Amino acid sequence: MADTALVVSAHSADFVWRAGGAIALHAAHGWQVTVLCLSYGERGESAKLWRQPGMTLERVKAEREREARAAAAVLGVHDIQFWDLGDYPIALSRDSLFRLVDVFRAVQPRFVLTHSKEDPYNHDHPAVTDFTQNARITAQAHGHNPGQTVLGAPPVYLFEPHQPEQCNWRPDMLLDITPVWERKRAAIECMAGQEHLWEYYTRVALQRGAQAARNSEKPVKWGEGFQSVFPHVVETLG
Amino acid sequence: MADTALVVSAHSADFVWRAGGAIALHAAHGWQVTVLCLSYGERGESAKLWRQPGMTLERVKAEREREARAAAAVLGVHDIQFWDLGDYPIALSRDSLFRLVDVFRAVQPRFVLTHSKEDPYNHDHPAVTDFTQNARITAQAHGHNPGQTVLGAPPVYLFEPHQPEQCNWRPDMLLDITPVWERKRAAIECMAGQEHLWEYYTRVALQRGAQAARNSEKPVKWGEGFQSVFPHVVETLG
Amino acid sequence: MADTALVVSAHSADFVWRAGGAIALHAAHGWQVTVLCLSYGERGESAKLWRQPGMTLERVKAEREREARAAAAVLGVHDIQFWDLGDYPIALSRDSLFRLVDVFRAVQPRFVLTHSKEDPYNHDHPAVTDFTQNARITAQAHGHNPGQTVLGAPPVYLFEPHQPEQCNWRPDMLLDITPVWERKRAAIECMAGQEHLWEYYTRVALQRGAQAARNSEKPVKWGEGFQSVFPHVVETLG
Amino acid sequence: MADTALVVSAHSADFVWRAGGAIALHAAHGWQVTVLCLSYGERGESAKLWRQPGMTLERVKAEREREARAAAAVLGVHDIQFWDLGDYPIALSRDSLFRLVDVFRAVQPRFVLTHSKEDPYNHDHPAVTDFTQNARITAQAHGHNPGQTVLGAPPVYLFEPHQPEQCNWRPDMLLDITPVWERKRAAIECMAGQEHLWEYYTRVALQRGAQAARNSEKPVKWGEGFQSVFPHVVETLG
Amino acid sequence: MADTALVVSAHSADFVWRAGGAIALHAAHGWQVTVLCLSYGERGESAKLWRQPGMTLERVKAEREREARAAAAVLGVHDIQFWDLGDYPIALSRDSLFRLVDVFRAVQPRFVLTHSKEDPYNHDHPAVTDFTQNARITAQAHGHNPGQTVLGAPPVYLFEPHQPEQCNWRPDMLLDITPVWERKRAAIECMAGQEHLWEYYTRVALQRGAQAARNSEKPVKWGEGFQSVFPHVVETLG
Amino acid sequence: MADTALVVSAHSADFVWRAGGAIALHAAHGWQVTVLCLSYGERGESAKLWRQPGMTLERVKAEREREARAAAAVLGVHDIQFWDLGDYPIALSRDSLFRLVDVFRAVQPRFVLTHSKEDPYNHDHPAVTDFTQNARITAQAHGHNPGQTVLGAPPVYLFEPHQPEQCNWRPDMLLDITPVWERKRAAIECMAGQEHLWEYYTRVALQRGAQAARNSEKPVKWGEGFQSVFPHVVETLG
């Protein structure tokens, strides 16, 4: 059976900028990666679309979904879901929580990716992180839908926010995404509505790559940073 | 050529309580582990010996060295050195710094273990950590003894202090030392002068083991915790 | 067109103690300052009124509004609004959020003042700060009421809580309010229901003034402290 | 009139592991200790029960209540209440808040015990802490049920979470529970459903005891750690 | 035998502003309080004296000593020592360290007062705190001057710096100094060379007093704040 | 008389990467900027030079000085000084401290730029920051060389380290260096020995520029980030 991972993305483009390399890398190694887009970012992250005359909420959502599906295909995502919960602010109900619990149990991810714990520029991102943590814990509860296989203890890694220092986000893992950089860049270019971010996140990847090289003496060129929520359980320090 | 690791211990027993499992585990896998005891802890960590009538500083040091050598043998240490720099407070000179730089370059460790960054109960521990970081950086400098092979970028892991929360120490790595627990316990029992700590650090190992199990779903019984100084550079998140 | 500022105050007296100087100063320079009192503090910050025999909630609210209006007049507030959302605890609904978004867009403030991020003595204060940040971000979303002018990126400054160290609040801006101190004191004296705080906040102003003088060599006598949420974008460091 | 204390426990066993010593100690000195179990931990902390064939939610709750009542009796709890608010996640409504306010005012506790402010392993614990703080503050409001005696300013102490460093919990009080350790152990043994925790929390008590001895030179053997929310008001530093 | 306390003051006036109330209070209860003035603050904290024509370093020191002795007499200090180590920057040698160790052992203080751990406005203050901690630990070492009575584990409390938030200093103890306020004020008035600080620290005492009242419901008027370095070991939480 | 600024650079290239924009910008506005290169970075930051056959320490220093002088000329530096204190590790004596005090008093800078407070990759940087703060405070002391004009209270801004999150460095000021970017780039290109950093710091400038635009709605393209040590004293919040 394939290894699995779960990515919980507040808006439909977040998984591309922030975890596209990790997704492509694991997909390339045969992992099945599930991506949940809890909203389309249709209100708060679609300025370019809204500047078009006659734009409607439904058309924005449709366009955002189209872009995200295209990017997911490039990255090799196994399953992408659009929950359409609304954005700015996102609405995270108890029903959605249990739906996420179901996904946790069905996917049984070996690791989870989501947003930073703080973000003064974005109210949805930390809300989704808290929601994801809540669902992960509920999925571990034996008394929730007894009889189902409960969730183990998959690590949770927080991907990079737009202005990392302002979010008190500090990467403790630098992932070498050099082997899949071209795919990440291709996925980024699917995001026609946010073209102003293409070069920004290309530079982020180069900076994290240079830092990875500095921290390891390995010839890393492109990188992604992640912050761990839980301690790593290891069998060697080497 | 064997993999290598370097342990920098302020006093001659610290490496046993705090890193004995890591040392034994890597030694068992063929690593060559070098342990530097910068002092004997002869003034500040030998209360039981000092209670013996007629005790002298030289006898304390000799006894402490004897105990530490016995523990090192049990753990499979490749090389143990006693630098006799004095304790409470330790004296860390520029000459000692360059001596440590020489060791870094000669050993070329794949990882380094030393103390926590803060410790309100122990002035020598953080001083040694700062000193070790300083030496590591100097060992990376191409202009220091040009022609020598410079040091790469080995990760530094900080081992557990006596009262972890008071030192703002938080483990982000939990090492499963179950396979070598018996050796660590045997090494601990070499420390006749600090018998009051035997059970304390046995319980620490059980707690860290239980936490490792909780964080991984693996059947870990005995553990050691470490705090990373630098981000981990990785090729997979799985 | 006049410059504008927005003050979001959990209870109807907060803006006086914590930002009265900033309000008076900018008003004196021709700014239009809008103050939102989300509640009257009628339950939790009106002990003296409640000690009067036969007091009712409506009378407390009326008295608190009267005091706040008087203080606002002294300070030169352009617009003061009473939203009557209840206090201890305050009730911050989705409808109120969108109402605050409307104010953000109508006022287009050049800066925003609100409470500290933490306060173990007051549950409403941090709730209002989070709510204000949420509204500010929503007001920036092009898809919220498309066609309206969206909000820019006004800085948010957090004013001083009652016990600053316990709230992890640290001022990074010290505002010289010497030119308007008399007005702030007059506004403070409108708060008949909380006379025990008059001298307390007078001393706060003197301490912040002395600190401002110490940090600048300028002859500041009276000051107010603020903590910035976002980095300052500047064209000079001088 | 007896001194009183209030313990707010998210799940029905928390008060035993985390505060059993404090409860027994004060009960032994004649204090009346009220324990609120906001839920039974029936879904998330009853894995062993759920492994029994034919188990139902009601039977789990009944068993958990039975265990908690037995432990409370051993510890000398004055009043134990089961609020049955559900767990994983707990549901904390406005009605429950006011119910807790009523308890605060009826009990007038001289101190309050509850959970840590953060816990990445448990979503209910920090939620209950925030809820308790909110209720405490509301209980101080003169306008809430005017005429009732309002609450003073009882200190709040946060008891030890399962993995303290990961929760950024740091004890600033170490309570000597040696005189009542046998009772705490007996109460722990009432928790038949979580036998895997018996030795874990016995070791916690030994470690905190050893640390208390180290910090005081007193012959403490068993301890409990607490983190203060508010500064201590004292009449001497001795 | 009398209870004892030790105050380590970087400059000869610090003990007055920052701990005068604690000193007077304990002296009034029969404690023997030893105050060490490691320097006179002759270079950095004597601006007013240096403005007098023909002033010399020796005259500044003499005047500062005279003032400090007068204040100490008012406060009831048992022993005040002037170590004349120089200021701005202070010079803290190994010899001075051992001299301080000797004092620790001779005095056997039940608590220790010294400066905050950080202070961006004052380089000597944190240096003295680090030095004091180092000496305290050395005084606990059985191998230092074997045969002497070693030091126990007296708590260390950090007194209030000039701009507390900028020093990351947070009081966790608020001492009621109302009974001795008049003495503290009288001692303050001995400091003729720093008259600009009299009212500043009078206001500090009022603010800390008001906060103590708020945290305790006790009628505290004047207070001093302290930050604990170590956890408190207690026999009751009441 | 011209406005003045002081930049304290641990190694001879730091001022270019980290503050070249600020220097060029203020120079362009007529400021006189003094740059102190406390060492050449000859041992630790000259790897490329050391790879040349027959390289000597003196030749490295000469080459580094030549590069730094060229960059300083491009930026419009008023005075650049090379103190040759050695690097990796830098040696910061009492004599050097007083020499820096003399510079502070002679220059009377309106602001000071230096390194971050922490840097696990570089031992010299935080040492220089601490040294600079110490000198700044000593320069304020009236008793140091009485009769000289003492230093006021110039703000200190910490420039960006190589891996900002790992240094706990967070920018609270984003300076728009767009008008002088070409000069900064030209100065960067003077650093022939560290060509691998040219693009890295070009990307840093673009990221900080994009963040400045995001935080201000201004069309900033190139930026530099700084962290303030002291609170800003201001006369308006607008």
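The chains carry the letters A, B, C, D, E and F, assigned in the order they are written, with residues numbered from 1 in each.
FYI, a residue touches a chain if its C-beta (ideal position, glycine included) is under 8 Å from a C-beta of that chain, and two chains touch if they have at least 3 such contacts.
None of these values were measured; they are calculated from a predicted model.
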### Query
How many steps does it take, at the fewest, to get from chain C to chain E if each step moves to a chain that touches the one before?
1
### Summary
More Cb-Cb contact pairs, comparing B-D against A-B, go to A-B
### Query
Comparing each of A-D, B-D or A-C with C-E, which pair has over half of its contact pairs in common by residue number?
B-D
### Farthest-lying chain, centroid of Cα atoms versus that of chain D
F
### Query
What's the rotation, in steps of 5°, that superposes chain A's Cα atoms on chain D?
120
### Query
Any idea if chain E and chain F meet via the same residues, over half in common, or different ones?
different
### Message
With centres defined by CA atoms only, which chain is the most remote from chain C?
### Response
B
### Query
When the C-alpha atoms of chain B and chain C are each averaged to a single point, how far apart are the two points in Å?
53
### Task
Averaged over CA atoms, how far is the centre of chain D from the centre of chain E? Could you give it in whole Å?
38
#### Entry: In chain F, residues with contacts to at least two other chains
121, 166, 171, 211, 214, 230-231
### Summary
Inter-chain touches occur between A-B, A-C, A-D, A-F, B-D, B-E, B-F, C-D, C-E, C-F, D-E, E-F
### Summary
Seen from chain F, its contact residues with chain C in the complex are 3, 5, 22, 25-26, 29, 31, 110-111, 113, 152-153, 155, 157, 171-176, 211-212, 214-218, 220, 225-226, 228, 230-238
### Residues of chain A touching chain C in the complex
42-44, 46-47, 50-51, 55, 57, 60, 87-89, 120-123, 166
### Query
Mind pulling up the chain D residues that touch chain B in the complex?
121, 162-166, 168-171, 199-200, 203-204, 206-207, 210-211, 214
### Query
Which part of chain B faces chain F closely enough to touch in the complex?
94, 97, 133-134, 137-138, 140-144, 146, 229-231
